[in-house]
Amino acid sequence: MKIKEFPDTQEKPPETRVSLTRVGVTGVKKLIKIQRKNKRPIILLPEFNVYVNLPDYQKGAHMSRNPEAINEIIEDTITQPETQLESLCAKLVKHLLEKHEYAITAETEAKSEYMITKVSPVTKRKTQETTKIIAKAIATKNKDNTITVKKMIGAEVVGMTVCPCAQESTEQNTKDKLKEFLDDKTIEKVMNVVTSASHNQRGIGTILIEVPEKQDINVEDIINIIQDSMSSPVCEILKRPDENHIVTKAHENPVFVEDCVRNMIKKLIIKYPELPAESQLTIRQVNEESIHQHNAFAEKTTTMGELRKEMGAN
Amino acid sequence: MKIKEFPDTQEKPPETRVSLTRVGVTGVKKLIKIQRKNKRPIILLPEFNVYVNLPDYQKGAHMSRNPEAINEIIEDTITQPETQLESLCAKLVKHLLEKHEYAITAETEAKSEYMITKVSPVTKRKTQETTKIIAKAIATKNKDNTITVKKMIGAEVVGMTVCPCAQESTEQNTKDKLKEFLDDKTIEKVMNVVTSASHNQRGIGTILIEVPEKQDINVEDIINIIQDSMSSPVCEILKRPDENHIVTKAHENPVFVEDCVRNMIKKLIIKYPELPAESQLTIRQVNEESIHQHNAFAEKTTTMGELRKEMGAN
Amino acid sequence: MKIKEFPDTQEKPPETRVSLTRVGVTGVKKLIKIQRKNKRPIILLPEFNVYVNLPDYQKGAHMSRNPEAINEIIEDTITQPETQLESLCAKLVKHLLEKHEYAITAETEAKSEYMITKVSPVTKRKTQETTKIIAKAIATKNKDNTITVKKMIGAEVVGMTVCPCAQESTEQNTKDKLKEFLDDKTIEKVMNVVTSASHNQRGIGTILIEVPEKQDINVEDIINIIQDSMSSPVCEILKRPDENHIVTKAHENPVFVEDCVRNMIKKLIIKYPELPAESQLTIRQVNEESIHQHNAFAEKTTTMGELRKEMGAN
Amino acid sequence: MKIKEFPDTQEKPPETRVSLTRVGVTGVKKLIKIQRKNKRPIILLPEFNVYVNLPDYQKGAHMSRNPEAINEIIEDTITQPETQLESLCAKLVKHLLEKHEYAITAETEAKSEYMITKVSPVTKRKTQETTKIIAKAIATKNKDNTITVKKMIGAEVVGMTVCPCAQESTEQNTKDKLKEFLDDKTIEKVMNVVTSASHNQRGIGTILIEVPEKQDINVEDIINIIQDSMSSPVCEILKRPDENHIVTKAHENPVFVEDCVRNMIKKLIIKYPELPAESQLTIRQVNEESIHQHNAFAEKTTTMGELRKEMGAN
């Protein structure tokens, strides 16, 4: 069958001649297989947003080329498996520039559930649990027609946070009451074995970090850094001894929303000495306060270079 | 200007002759003023869903009559102020039956933010805080052309819940360690002044209750019942002494997700002896567990009559 | 290491002795593999809610047994592959009754993205696209200790709907204007080749259907029934000739929100003559009207028996 | 009653000495009254996020001061009414700097439903309809202790968009078929009275624009600019002649997602010649494509100065 041709409405000049920063499609979901080095492959179900810039002389971008580009890159993984979601995104933005010949920048964001294995701390129940990973890539066509690619990788992880301030006031209350019938030395011994109450809640830590195109970092390391920066990880299956362990450990490690961000920063600086100074970073923590309806929030946006300078670590 | 007439496509017979249970519009937001008895008026911004049944001989309902009906009822409140969101819903379903002459049932649901005033427990900071209220009404045309209306009122309130199980195990741990250097009697005195840690989190309590058309209940009573059934209310502004008070009181009143539902039931039975036996009830609690990514859930669906029988209160 | 034992707080009697309808956990996400008969296995990422009833003599359900039960059932699929999400749910509710010895009903709901393959209608571009599937199961322990299981399967699918009413008025406008310079016979010929405008939008069709425990239906048939009941399916990659085809076909098949529900009903009755009369059904359509901010909604809730009687098909 | 004092845990030095970009609370909802000049007051229910920076020497920000600051600013409006949401935000950030003496930047975002009145185009039905408005403000303490404030105002409005590409191909199809029985001149006359089908859908336009502290712009002008940049506004109550009018007008004005952004740009340039060159702008359109599950997206981020230069309007 001969396919009928229709006019290319997109190619016409627009009425108002002004260029656009980003034009594309959002909310394209795909099932993909990532073949990690020396490990079992993992299944992801990311949602992609993809964009290109649009010059002022063209009415519309050719939108159907965007889901086409996603599809072609995913099909390529059958013969050339990708090892990371962010390297797949890097390939995708380069392919977008090939397909949209009028564009000089292409951008993609992908967010996916990511399964990790957790083991409960005492009874050692093993379980599969979800976190979220985030990948981004931006390709820019240079004047000499070479292409520069920036890629970013990150994760969003739920953990438990215990408030140090409320705990300190609970402890003071207890001490004041103990003074009525115990001496100072015994009080000290008692306080050493008491786990004083505080408010605690789900916290959500987020790290997003720029990585050079040819460098790879393991997203599970990022997940661990986020998790270890709160009072305790959460866990799906907790038998009573596990629950007791987690509650006790969390209360021995109370953290403010600000502490979580600073803990992540400290771990990142130590873990990635090889990341270049210009690498951009977003580190964020949101605590769903159990004593309020609103959330507590803390964030640091910076570069690795600035961070090292600020911390005297450079 | 003469307005051109167009064919009534809705009125035609449908291809497949089968009646429909509910046809209507969802997501209609309106700003309304409720004039409570002997109190300041309150402003609500409810989102309405409205439906009628559709007989098998008619292709489509006349959809534009639904937002029209909402508008007309709201305009009526200017001259005849409504005192409750659920009584406004009751009027609305009767009006829907007038406008859709082919319908024999009409139904509406409205959900709105509802502002309450809170005072922090120690430093007495006053603040305006949101909760959610829910109202429903169903009108049925009887064979003798009279109309029966059922109305329901409810609320969804955030509070704080402390787990009794984790607290009991923390206490046991402390006692076991105190035994190494204190006698039983002193341990008892110590435990009396210690606030032992547990996991705690935001809980969301929901009550939805059927009320006879001519009877009124105050939704703020429902809000208080929900709030008082958890370990503690939450509060927007808490200075340190307030935070200490809330954390301490909450830990003196640990509750499971099941306890919250049972507490609400008990308070409802006592508060509303005049509600008829056939009044339907939904009582629900969802706790956003701080030690897990998933939520804990408990629910009771029943009637006042069954509930009184079960509790031997009838 | 000997694991320390802690008190079973859940087992104690509650303060308020009243039974609860449903107690459990919500929002547990799992990656599972379904091994369909004679087909490639599929990967699902369902979110599970699981509940049991709680008798009046017990303070709390043993919550950790719920995610444990999900895990054990999923692990079983490694040796005994499941062929359907709803049969996995049926196994799960039976297992929940084993683990919660005090419960007589157990319930689960699972909702998952589900990948289907679509081919664009003219240029035959192939693409992977998501829909949502829903499965439920309820197990009830009978007096003779046997267990009765009900299972339900369904889907939620996005398609395109064109309004017949707006189209009819556009057609009338065109005819009125053509009368000024064309004769009736030519007008008829012209109208036969014109695709008259209407408003059109995304519609979301939902079917949920009860299936006997030992019977299997293919969820892709349900997906097709939903999709074929709207004006046209949507498609991720549409080149210009595909887009033209879809827009033209959709406008040749305009449907109200009510028509979508009736179309689904008609197709279900024909497709499943073997479903028992007591099978419960929910058929729903929500259209995200392009001329309004609110949605149009239509729903039929019934049983196969009542439906057949109403349609004279029994 | 003497209120007990507790330790100021926040004031201590943090373990990891690094400053944070933004620390604060998110999701604080308030009912406020805005007293517009020479107009009826309006009621808003905005949700506020507020942040300050945190120096490296301080463990935590004093979080309770944030909802306190919001409360105090809202209470001030009783005696000194605010005329705009963004001017209230500007006051709030200055007050945040007073309350957090260690901070040198303060930031707030507020998003609220905003009621407008709409009249249906033919039958003149009047109705209240919601849109969303957005306000932001950032205060920076300068070295000489003066404070610089930036404020931004914007809106998010739903309208209807008709695709020009699909419409052009439908028209070509019709013309090709008309050629079989009509001459070119008659075809031209016929096409002039035909409203050819296309796909159409809800679009969401967003404008966010920086305004000098002492300058005021009317957010309803922004709402109108967004609405007028699509194929047609949506409307809550449309009788058949209204629906016909809207569908016809929208199809006479087909626009791509890119056209919507360019239309908004053109109208902004004309409407606000007095806005300074450094004013930042975000203009965005998202179309919920009726032929796809995914959305189309276009965005321009720039300053008034750059925009004027690009459009030769400077």
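Think of it as A, B, C and D in the order they're written, each chain with its own count starting at 1.
By our rule, a residue touches a chain if its C-beta (ideal position, glycine included) is under 8 Å from a C-beta of that chain, and two chains touch if they have at least 3 such contacts.
The shown structure was predicted, so the numbers you read here are calculated from the model rather than taken from an experiment.
Enquirer: Just to be sure I understand the contacts, which chains border both chain D and chain C?
Expert: Both-contact set = A, B.
Enquirer: Farthest from chain C by Cα centre, which chain is it? Let me know.
Expert: In terms of C-alpha centroids, the chain at the greatest distance from chain C is D.
Enquirer: Using the touch rule from the top, work out which pair, A-D or B-D, shares more C-beta pairs.
Expert: Result: the pair with more contacts is A-D.
Enquirer: Please work out the Cα centroid separation of chain B and chain D, and write it as a whole number of Å.
Expert: 32
Enquirer: Using CA atom averages as chain centres, what separation in Å is found between chain A and chain B?
Expert: Each chain reduced to its C-alpha mean, chain A and chain B end up 35 Å apart.
Enquirer: If you average the CA atoms of chain A and of chain D, how far apart do the two points sit, in angstrom?
Expert: Centre-to-centre distance between chain A and chain D: 27 Å.
Enquirer: Could you tell me which residues belong to chain A and also touch two or more other chains?
Expert: 6, 28, 67, 130, 165, 169, 236, 238, 240-241, 244, 292-294
Enquirer: Using the touch rule from the top, collect the residues of chain B that touch chain C in their complex.
Expert: 6-7, 9-10, 14-28, 49, 51, 54, 56, 59-61, 63, 67, 164-165, 168-169, 172, 256-259, 261-263, 265-266, 286, 292-302, 307, 310-311
Enquirer: Given the complex with chain D, which residues does chain C contribute to the contact?
Expert: 129-130, 158, 160, 162, 165-166, 169-170, 173-174, 177-178, 181-182, 186, 189-190, 193-202, 232, 234-236, 238, 240-241, 243-244, 246-248, 250-251, 288-294
Enquirer: Quick check: in the complex, which residue numbers of chain A touch chain C?
Expert: Against chain C, chain A makes touches at 3-6, 8, 28-31, 43, 45, 64, 67-68, 71, 74, 113, 115, 122-123, 125, 127-128, 130, 236-241, 244.
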